[in-house]
Every structure is written in structure tokens, then in C-alpha cells.
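In the two complexes below, chain A is the common chain; its partner is chain B in one and chain C in the other.
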Partner chain A sequence: MSEDRREPEQSPRGSTLRRLLSDAASALVFPLIAILISFVIGAVIMLATGHNPLAAYVALVQGAFGSPTALGRTLLGATPLIFTGLAVAVAFRAGLFNIGGEGQFYIGAITAAGLGVALGSLGPLGTLLVLLGCLLTGFLWGAIPGFLKAYFGAHEVITTIMLNFVAILLATYLALNPLRSEGLVPGTETIDPAARIPFIGLGLGRANYGFFLALLAAVVFYLLLWRTRRGFQIRAVGLSPGAASYAGMGIGVNTVLALAIGGAFAALGGGVEVLGVYGKMSIPFVEELGFTGIGVALLGRNHPIGVVLGALLFGGLTSGAQEMQFATDVPLQLASVLAAIILLLVTATKLVELIVGKRARELASGTHLERETGL
Partner chain B sequence: MEDLLGSLGSLLASTIRNATPLVFAALGGMFSERSGVVNIALEGLMLISAFAGVVGAWLSGSALVGLLFALAAGLIFALIHALMCVTFEADQIISGTAINLLALGGTGFLMVLIFGSGGTSPRVSGFKEVAIPLLSDIPIIGPALFNQSLLVYLMYILIPITYFVIFRTPFGLRIRATGEVPEAVDTAGVSVTRMRYYGVSLSGLLAALGGVYLSMGILSAFTEGMTTGRGFIALAALIFGRWNPLGAAGAALLFGLGLAITYQVPQEAIPIEFIQMLPYVLTIVVLAGFGGRAIAPAAIGKPYRKE
Partner chain C sequence: MTERESAGTTGAPVVLEMRGITKTFGPVKANDDISITLRRGEILGLLGENGAGKSTLMKILYGLYKPDAGSIFIDGEEVEIHDPKDAVERGIGMVHQHFTLIPPLTVAENIALGAEPRKGVTLDLEGATKATEELSERYGLRVDPRARVADLSVGVQQRVEILKTLYREARILILDEPTAVLTPQETEDLFSTLKDLVADGLSIILITHKLGELLGVSDRITIIRDGHVVDTVQTAETNERELARLMVGREVLLRVEKEDAEVGEPRLVAEGLVVLSSTGAVAVDGVTLSVRAGEILGVAGVDGNGQTELADALAGVRHAESGHVNLDGEDVTNLGADDLQERGLAYVPEDRGSKGLVLDFALYENNTLKSYDEPPFSRYGWIFPKVWRRRAGENLRAYDVRPPNPDARAGSLSGGNQQKAILARELSGEPGVIIASQPTRGVDVGAIEFIHGQLLKQRAEGKAILLISLELEEVRSLSDRIVVLYAGRIVGEVGPDATDEELGLLMAGRGAEEKSA
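After this line comes the complex of A and B, so read on.
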């Protein structure tokens, strides 16, 4: 991974700061090119459909960062994406694709909705217990594809996608049957405000302290992967399964753990969303946050700092799209299109090579898996 | 007895209808994967084609024009996948995921622009059932197999044709060799890049047939996200069928049966959500049971670089 790699001609002379800056700059090359091209394509789409791209983008940026309320909305949008981005990134570090963030997010959401009502009277202690519950259910749910991969050879890409459908249907069943509220809106009971995650205030609208929980999760992600033996093993299995296995690290156990930890991150995101934003799980619930996490992780090169930045970008895109639709009539679904194009381009090695030359291949190391795909 | 046979017949008919899009997509996926390009974009290729078909039929009033629109859309999106995976050496699974999201977001965006709102499109003229004389008179299987839309008959024909193409023609040999030992193909003077573009393009065209059957064969309208995982199930069928057209079609029929059952189980017996889970759980079980033993084309997922 690029941030681990010292360039031989630089490390003896360059200061640590210079190395960090140069690493950061090179880590930004792929994402910046992807973002730039996607916005150009977005502009072409708008021109083709009779809109003014300049006005639309101005509205987009204003709607994302232009005022405290807009910024609050961006933070609100970025919060779940940090969690689902980390869920993808931890698996990627182990050489695995976790496309199951969407379902894991739902598992966390329904866990929080159910436990939250039961433990709501406990106040902040209840909040803590609910979030621990989300960690647990997410961990177990995430372990399923890991287990199926490690011991039955079922490819995690397909099993995690299939489990998305199963999780969404399961959460829907629970929210509409055993946990259903008496109210008119289909979904669960509302959680006692005492056990919810409070708003930040400061004019940031509905932004809540869940954002700081997400930042904390990113820190935990860093410590786990770079400061523990287990994290070292997970990364080693991702970088070179053969060598890791030769060194006595269990491929199977690390596969299960990486996907299970991913599940825990995504489920925590679902729990924070329920406790911080809605106070319950209504059906239909928010969609696509799990899938957007894939783009967030790759844009952020599967590094926690990158994931946070990527989540802020995608959060800003969603938040700004509302203003864009309001001000310029461009359908807000354009934001999903832009996000998809960014994801499409963010691993395109040869494309970057055309722009920055041969160095691109070395910069690409954080975006490609070493492990066999066999799909 | 009459009742039992009757419901068996309708289950069989429903199995065929549900299997048809899976068969098309799985056969398409085979060409792509046999040439060495992972194609989890099948879901998105079907979705965009399902939409394009409805738009074409809505604009022209003709189902055939709809079909052409669908094929064009499938081909264009497949070419984007090929451009990313083959030319730009992007990660194939990420590119596939991005295509799926692009199809989902793009159809949502275009629904608003073209029809004024999301959700479901206006109804269009679709591909109606055409009974084949004599064959459709056979008891039970006749009406089930031979009173279907023209696209279903096309599916029947395409299974042996793809088998023949992939295993008995020079083109098929080249596609397979490109997925197994691209170096050898290159040495023989055949362009690996070109073969992979062919493979992925064919997957786009075939997945488009699956998509258009969903929106204009089974229904006569487009609904956002209407593929509901069928592209991924088709991919699982392809793996289960060991990248062989006959095996993939057989597996697609099995999954089609799973989908058909979900529409037949009485809703009072089991909560609807658990019935709807069945095809997805079946896919996981099948993959876990047999997927591990399936051997993928050797060079799949890897961009080819001339040394």
C-alpha cells in the first residue's frame, strides 16, 4: 500500500514530513482524476438535457458546504458512509470484497430499533448497550460470508450481495411484524429521546454526535489494522496470502475476521443512523448507503483518513444535490450517477497512466487486490 | 389429480418465465468470463436494457424498436465495462459494481427526465405469448413451454447455439484461450484486447435480452430496481454450471424454479419476506455446496499486459 512504501531514493534524505506530503499527494492522484472526469461527464449530461452545469455545480457546492445548515447536512450524510466505507476497507485490506455493507447496515439498524425501544429508559447507558448490540449482530452477520468463503469456497462477492437481500427482507419482516408500532407509519416504535444520540447544535441543523462516533471508528480502524498483531495478519493475508500462510497465519480465520469486523462497522453505522437521525426504523428505510461505502473506501484508498474524506465528499454530493435540484431543476439522482462514475474511474490504472505517466502503476497499489478473484 | 397437474403446469410455466432472464444473463456472462473478464455488471446491464426497451417502445409504439433500444443500451454499458477493465485495467469487480450503480442511478435520473417521476413507467406494448401450433397442445408441458413470448423461444435456441459457438468454433476457442492463457493467444497473433471486447460485448447483448424480457415480456413497464438481484443470481448459475452453457442454463432453471415457488406459496402460510428470501438463500446454499469445486478460467480478473 502506498502509504507504507518508502521510496528508496527519497527516504534517506527527505524528512518524514516531506515523505508524508509526497505520499498524500500521490494517494490523491487517482481520486482527483476520477472526481474531475466524473464532473466533466456530469456537465456533459446536463448540457445534453438542457441544464446549465455551471449554475448546477455552484448550487451543489453551496448546498454541501455553503452554510452551517448545509455543512450539518453534509456531516449527517457523511456519518453512515464513514462506517460503511470502513466496512469495505477492512475487507479490502484482507484481499476481500465486502459488497454486503448494505445488508449489514440494515442488520445494525433493526438491532438498534429493537434494542433501543427495550433499553430506551436507561438513557445514555442504553445508547451504549444498543451500539454494542449492533456491533455484535453486525459481527455475526458479517462472519457468515467469511465462513462460507473460508470453509466452503463460496465467493464473498456473490454471498455478500445475496445476503444484502436476505438482511433487508429480514429487517423488513421484523420492523413490520414483531417490532411494529401502533402508529400509521409502517415501522418500529420510536425510541425514548433520552437514549438517542444528541444533536451537535451550533446551527448545524440535524447533525448529531454520531459523526464523532464515526471518526472514533476510523481511529479504531487505524489502531486495529496497524497497531495490533491481528491487524498485521489481516493485512498480510491481503497483500500476499501465500507468504502469510507460509508464516503460519491462518487464511481462513483472518478471512472470517476481516468480513466480520466489516459487518460490525457497517452495522454500527446502521445503529448510529437509527439512534441519531430517525429514532426508529421505518419501512422503506434509507437505501444505497452500503453501496456508496464501496466508492468511499476506494476513493479513500482503504485508509481511515481517506475513508473520512471520501465520506465527506459523497455526503456533500448527496446534501448538495437537494439544493441543486431546488435551484436548477436538475434531478437530484444526478448525484448517484456522479458517484457511480467516480467509482468506475477510481481504479482505472491505465487512464491515470495516460495522464501522469508510468508512475501510475506504482500509485495503483492501494486500489487493486493481490488475491485471486476466481469469479 | 386434475388440480395437481394443473398447478404443476403453471409452476412449470412460471419456472420458465423466471428462468428466461437468468439464462440470457448467464449465457452472456459466460462469454465475458470465458474471455477473462469478471462480469458482476450483469445486474446493471439487465436493468439499463429493461429501461431502454421500455423507452424505445414508448417512443415508437413498437416492441421491436424497444428491443433494439435495449440491445443498444446493453452493448453501450458493456463497452464501458470493457473499456474500464480491458483498456484502462481497472479492477473488474469494482468496475462491475460501478456499472450496476450507474444503471440504478442512471435509470432513476432518466425516469424523472423522461417520464416526469420515478417509480414505474407508463405501460408499453410488450412481447405477448405466442402459442406454437401442435407443440403447445401437449398436455401440461405444452402450454408451459410452448405458449410463451418469442423471447423465450429465442432463449431455447440460444442455449445450443452458444454451446456450439463456445466449444465448436474457432471464435469460441479463441475466447476460451483468452481466458485461460492469454499469452498463447497473443503469441498466435490474435489480439487479447479484441477477444475480450467481443466477450464483454456479447455479454451486454445477451443480458439485454434478459432485461428486455423482464420489462416487456413478463411485465409491460419498467420499475426502478426491477432486476432485484437477478444478474447476480445469473452469475451464480454460471459458476454453478461451471462456465458451460448447458450447465449454466440448467442452474438458471433451478433458480427459476426457486423464484417461481416464491410466487406460488400461499402468503398466509409463511410471512412474505421469508418466501422472498428463498432464491437468495438458495443461491448461497448452492454456491457454498458446489461453488468451491468450480474452477474458474485461469486468467479471469487479470488485465493482460504484453511483456
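After this line comes the complex of A and C, so read on.
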């Protein structure tokens, strides 16, 4: 017997767009509170260490968005995080933890580096084929923990973590042995510029059209989950495996697909990074982007709009931190501290409740987006 | 054995008083200024619908919730109860609806658990066994202290739960819906035990939503509705009709008006069906049954005798090991839930929260949970939420779901409205066969009336209905025929006019196994 005679929720009826926006807005309140609090804590730290927080934050924001160069840096940093954030979010929607974004990113990167050299002469068609190749290898790689989970009961957290090592070492081996270039820098050969993703220009530095591919991926994510049968199944399985199977949906197939689709998103991110930024996979390759994606998904409440904004925030923090250190002597690492506090607050909802009061938390988290994360 | 006293406890001292208890959860006042008194040697019935606030009140008494306002007096002394340990120390014992026993341990071990007698640093198991034997002797609660709890029937396990509270010297005993899991005979045994206990000076609070039971056993009845005490009546001076009116707040049809219906061809047939439970044990052991058009076949039985597995297998949710299921003459064994749904089979599963609904989905998503892959709700893999919303709005109004807002989260509805939302989904698709498993469990009286009415309407339209329920009254009043399930087998078929005794014996496996524990 439960006492849950809560007031019926009244959500406004309206156009799809309005509903989408109001969903996103209500989902944003909570992360915003977390960000605000973390900046306050950061200010206290700076005061305690004899810095001027106001000047530091001005420099931080300027360094992130204050000039075309700064904005370009932010977009550049945000692009892979959108992909890896989506990779985590799609699994979350199915009730699964995908910790394998890092390895999936590497799989995509090595696929792009290998295929890119082979198909470089095809120009833009080559780019397209390479990206499709990344989707395919990421999908297959992501499906492995899905199969292990669905048909052998292996917990996806363990298997995705373990597969990270396999993927990273496999990619490193391929880059240093069969695909190794003659050049001085260890890594693969450089891809023909004709097959690479072009820069946006406009003074945005190295920011490239990969950012728009990431936005496109977020749109695809939305359509897939909220406008297709498969997405409906994935969400139903994530929220209530019991009810989903009683409705005749297969738990196993949706588990495999959710993790495989996540792998495809992350691998696409790796491919875009290679084609858009480096033109090759050098060893050591960029690290931690897959893991940061977990934070991006958490911060973005597993909603594509939230993921994009979360990625921009993390990208902005990284790029603004350089300016902050240059202008005010506040060490670069403060940005990492801020990011860590934000994540801590986003995950430890009870902690925010203590700080801002229960009402505010309910207000912030009482959306169905929040509940849908199942955290 | 102590001398039996009559129920005249009016002059006895008050052992427990709860005064002005108020408890709110968010916007809901679960308890609003509730006051009750309990006298020594009395059985007080606490009657109310699901969600009326009975459980909240008892959880406050047992230290599980902290009240917002109000005070508790035990033996005239104001007390504060912070946690169940406090409650136990003050002589309050609680028998929960779901038992808190550890199956692999023996009866004596379970009873002593947490309050173990010691010999030096070692456990004095012999002492525990002896103490259990003494208690069992004293109160006529027959149970072998050395038996493993896992081997005991539910009725005997309940005795162990009661002994557990007595071992901790409880003087005030709270029983939360104790008869939900018992056969009629076991219920009678329990009530006679309770009478012995109060004769010995204990005081008992009996929580229930079953009217009839309280009339037989209690001394006074306090009725709670929407968090308020509506009235407290002397049992001897009331009747079922008045209690129902007090509980619901209006006149209630206690009997279902059922017209004769034209019975047609068999539509759902099971032959020699064998189904395993989730743990791999044989749960359904060769069931053969047939549900014809225009009739309701009731399945009675004590909980856990294969009802869930039978319904699941018939609906294609669970794999049948052997045997056949026929739907409208076609073999549909192990065809899968999706396929059966498209062939016109509706299934209302017993557990609406985890099987019937995705609580975190909006009502419109739940309304299309099964037909999401069929036109006009979906084409070429795409889904059309606008169509879903429109259809959901129509269905919710037709089945009186409140609020009829397609965007409301399913989990925010009351149990009754959740169940109506499931009916709206299952019945609006014009099914030919309906399997309803405990369709009114934990649902308020108003919703029960509505759900019964809908099932009878479907019957009148020539649908074949399989009704599985633990509530004998429900099975009897709705069914045209009743089969009794015991240990996965059908042990008998009776008409709707069968007596409690007949049904009870069948539910206990013809009465042969009942006494053995």
C-alpha cells in the first residue's frame, strides 16, 4: 500500500517545439544551479589563495567566448565531447552505463586514420565513406558488451571498462605497426587534405565543420529516441524492463542496440577528431574525451540539447582556463576543479538539496527528464 | 491457557493513545489530525481504503516515520518513538504484510534473530528453541522451532512472525493486512489465535480493507478516509453496509449485478500447460482449461500457487515448457506477447507498477505501449506522438481516468486510476480474449466498481475473460465458473455459489497438506 496520491501533473499542451523547449528548459534548471554553486566555491578557493575571483572569471569567460579565436577553441573542444556525451546518453536511456566511450572513440579514430589514408584521393566522397566506416566499426565494437550483457549476463560497466584497454591498445598497435608512417612523429600517415573535414574559417581558428556534424548527431539522437519505434522501445526498456517485456518488447535486442548505437556515436567522434583536427592518429593520441563524455551526459540529463550545452561548457572551461592563467595567474587546474565540483553536484542531488533547500531541488529535478535518467 | 474473556473491554485501561497525528508528504496530507485509542485486551480494527492513511499512521507508531504534529501515549505516558528499536522496547510489535523472515534459517533462529540469548560469547540456540517452544505452547501457535522457515506454509510463517513479536515481549501487536495471503481456514485459525492473545492481556490493531473480516474478530473499528478519522464504532453495533459507506463516503454496491450472458465457443484454451517460475521450479504443472465467449472463468487460489506463471504463459510473456495454448482455434503456444496482442488478446498483469505501466512514461506513451508499432500510431519505423496523444485523450476520458491528461506521468496517478489507464489501453483495442490478473488489487472501492463493471460489459459483448484473483469475493461475484489452482494444478471446479468451506479446502489442496506443518 502506498501513500502516493500526488497531485496530478499538469503540463501544458502545445506544439511539439514548445514542448521540446519547455522540457529542455526545465531540465536545465538543475545543472545551472550546480554550475552556479561550483563557481561560488571556486571563488572562495581563489580568495583563499589570494587571487581576485572576479578578474579570473572575466578572463575565463573571455578566453572561452570573448573572441573568434576563443570561441573557435571552445567549439573545437566541445565537438568530440558532444559525440562521447551522446554515446553515454543513449545507453543511459536504455538503463545502461556505457563507460566504454574512450575505447569506442579510439576505435573510430584508428578507423578514420586507416581508411582516410586509403580513400583520401576520393575527396569529400572519401570523407563520407570514412565516417560511415567509423559508424560501422563503432557500432560493432559497442555491440560486444551489449551481447555479453544481453545473452551472458556480464555487467556492462565491467565489460565496457575492460574493452577500453583492448580498444586503446589495439588502436595503438595498429597506428604504430601496420599503419605506421615513415615520419618522425610516431603514428599513422597523414590523410590527403581533400578528404579532411574543412575549417569553418571566420577567424575561428581550427574549429571545423565537425562541430556541425556533432550538432547533426544530436538531432539524429533526438529523432531516434523520440520519433522512432526503436527509440520508444529503448526508452521503455530503460525505464521499466518489466513493463517493456510485458508489452512484447525484447530486452536483449534493445540492450545490444543501445550500446551499439552508443559505440557508433563515440566512434564517429573519434573519426571527426582525426579528419577535422589532426589529419592522422599520432601516438599518444588525445585522452580522456570518452570519460569526460560521461560527465557531459550527466550534466545534460541525457537529453541531446543538454549534452550539446554540457559539451560547450566543458569545452569553454578548458579553453577559457588558458586565458585565465595568462591574465590572472590563477592556475589552469582551477577549471578542472570547477568541472569536478559541477559533476559532484549534478550527481549528488542530495547535496544540492542541503545547500539550496528541498523545494528548489524538487523544482529543478521534478521534470520527467530528470526521472527518465533513472539515476 | 488463560481464561477466555468476553469482548467487553470498555472499562479496561487505555494502553495506547495517538493524539492529533499529522503527517504530510509534499502536498498530500496522509494523516490529518488523527486520534485513536487502544484499550488493554481489545482488538481494534483500522479500516480504510488503500491510500487512506492507515499504513502511514502505523509506520509512525512503529517509528518508521516521524509525525509533523501530534503525540503518542503508552500507558498514559507521553513517548517519542524514533525508530523501530524504540517501538520494540516499548512493547510494540508489528507483523508486516510482507514477512521479514530469513527462509534458510530455522524458526527458532528467526525468532531469536537480533535478540539472541547468549551463553558466554556463543549463541545459545538451545535456549532460543526452548523459549520458542514455550511461547508456542502458551499461545497455541503450533509450530516446530527446528523447522526451516523455507519449508513452512505461508500461514505458519505468519505464526512465526507473531511469535517473533511475542518473544520480544510485545504488548501491542499491529497486523498489517494479515489475511491477504491466507486461505479462509487459515484466516479463521489466525483470528482464534488473536482472540487468545487479547484474552491474555495483549492489545491488537488490525489493519485491513476487508469489511467482513473485521465484523467477526474486532471489538471496535476506527474508520479512516483521506487521512481523517471518519468515525469509531462498536463492532457489535454496526454492519457491513454502514462500514462500506463510512469507508468510501457514499453508498456502495457490495454485490455485483450480473446478467445472464450467452455462452459461445471456446476462445482461449490451454492443454496440459507446464510453465517454470523464474527460479526454475515447476510453477504450472499441467493445467488444462477453456474460456468460452461470453463467460468469465475465475481462477481462485492462495497467492504463489502458479497464478502469475499461468497468466504470463497464456499471454505469451513467459515460455511454456510443454502443453498448448489455443486462441480462437489457432495454436499460439510461445508465440510471444506482441503477436498475441495483435491477435486480440488483452492482458492486465497483476503488478501494474512494474509490468502494466512504465511509471515514468506519460499516459499517452503508456496507452500505446503495445500498439506503438501498428498504424496509425507508427509507419515505416517512425512513430507519431500526436496521434498517440489524441487517441490517449479519447481512451482516458472513456475509461474515466483522472486526470485525463495524456501528458501526465503514469506514476503520478493513484492506484485506481493507473489500473483504469491499463484497462483503457487493453480494452479499447476491441480484444476477443481478456486475461485479468488481480485487476483490483490495491485499488479503491470506486475504481473496483468501475473495473468490475467494465469486465461484465466485455462479457456481455461476448468476450472470453479469464479472471485471476486472490479475493474470493471478487472471483465469486464475477465468475460464471471457478477453477481452483493449488501447487500449479487445477484441483477442482465449482460454481459461483460455492461456499467458503468448499473453496477453502480446494485452495489448501483439498485440506490434506494444511495441517502437516
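Here are a few things to note about the model shown:
We take it that the second predicted complex is superposed on the first by the 320 of 375 C-alpha atoms of A that agree within 3 Å, B and C clash if a C-alpha of one lies under 4 Å from a C-alpha of the other, contacts with A are read in each partner's own complex, and residues count from 1 in each chain.
Operating definition for what follows: contacts are C-beta pairs under 8 Å (C-beta built on N, C-alpha and C of every residue); 3 or more make two chains touch, one makes a residue touch a chain.
As the structure is a computational prediction, the values presented were derived from the model and not from experiment.
Of the two partner chains placed around the shared chain by superposition, chain B is the only one that A:F291 touches, whereas chain C remains out of contact. Of the two partners chain B and chain C, more residues of chain A are touched by B. Using the contact criterion defined above for the overlaid structures, shared-chain residue A:A154 touches chain B, although it does not reach chain C.
Look at A:S336: by the touch rule set out above, it reaches chain B but stays clear of chain C. In the superposition on chain A, contact of A:F232 is made with chain C only, not with chain B. Once the two complexes are laid over each other on the shared chain, residue contacts for A:V346 go to chain B alone; chain C is not touched. Legend: residue contacts after superposition of the two complexes on their common chain; A:F326 is shown touching neither chain B nor chain C.
Counting contacts by the rule stated earlier, residues 368, 372, 374 of chain A appear in both its interface with chain B and its interface with chain C. Partner chain A is touched in their complex by these residues of chain B: 33, 38, 40, 80, 84, 87-95, 97-99, 101-102, 104-106, 108-109, 112-113, 118, 228-229, 232-233, 235-236, 239, 271, 273-274, 276-277, 280-281, 283-284, 287-289, 291-293, 296, 300-301, 303.
Interface of chain C with chain A (complex): residues 25-28, 30, 50-51, 53-56, 97, 177, 315-317, 336-339, 341, 347, 349, 351, 354-362, 365, 369-370, 372-373, 378, 381-383, 385-386, 402-403, 405, 407-409, 411-415, 442. Of all residues in chain A, those touching chain B in their complex are 49, 97, 99, 148, 152-155, 157-159, 161-163, 165-166, 169-170, 172-173, 176-177, 288, 291, 294-295, 298, 331, 333-337, 339-341, 343-351, 367-369, 372-375. Residue ranges of chain A in contact with chain C, taken from their complex: 1-11, 13, 16, 226-233, 235-236, 239-240, 242-249, 362, 368, 371-372, 374.
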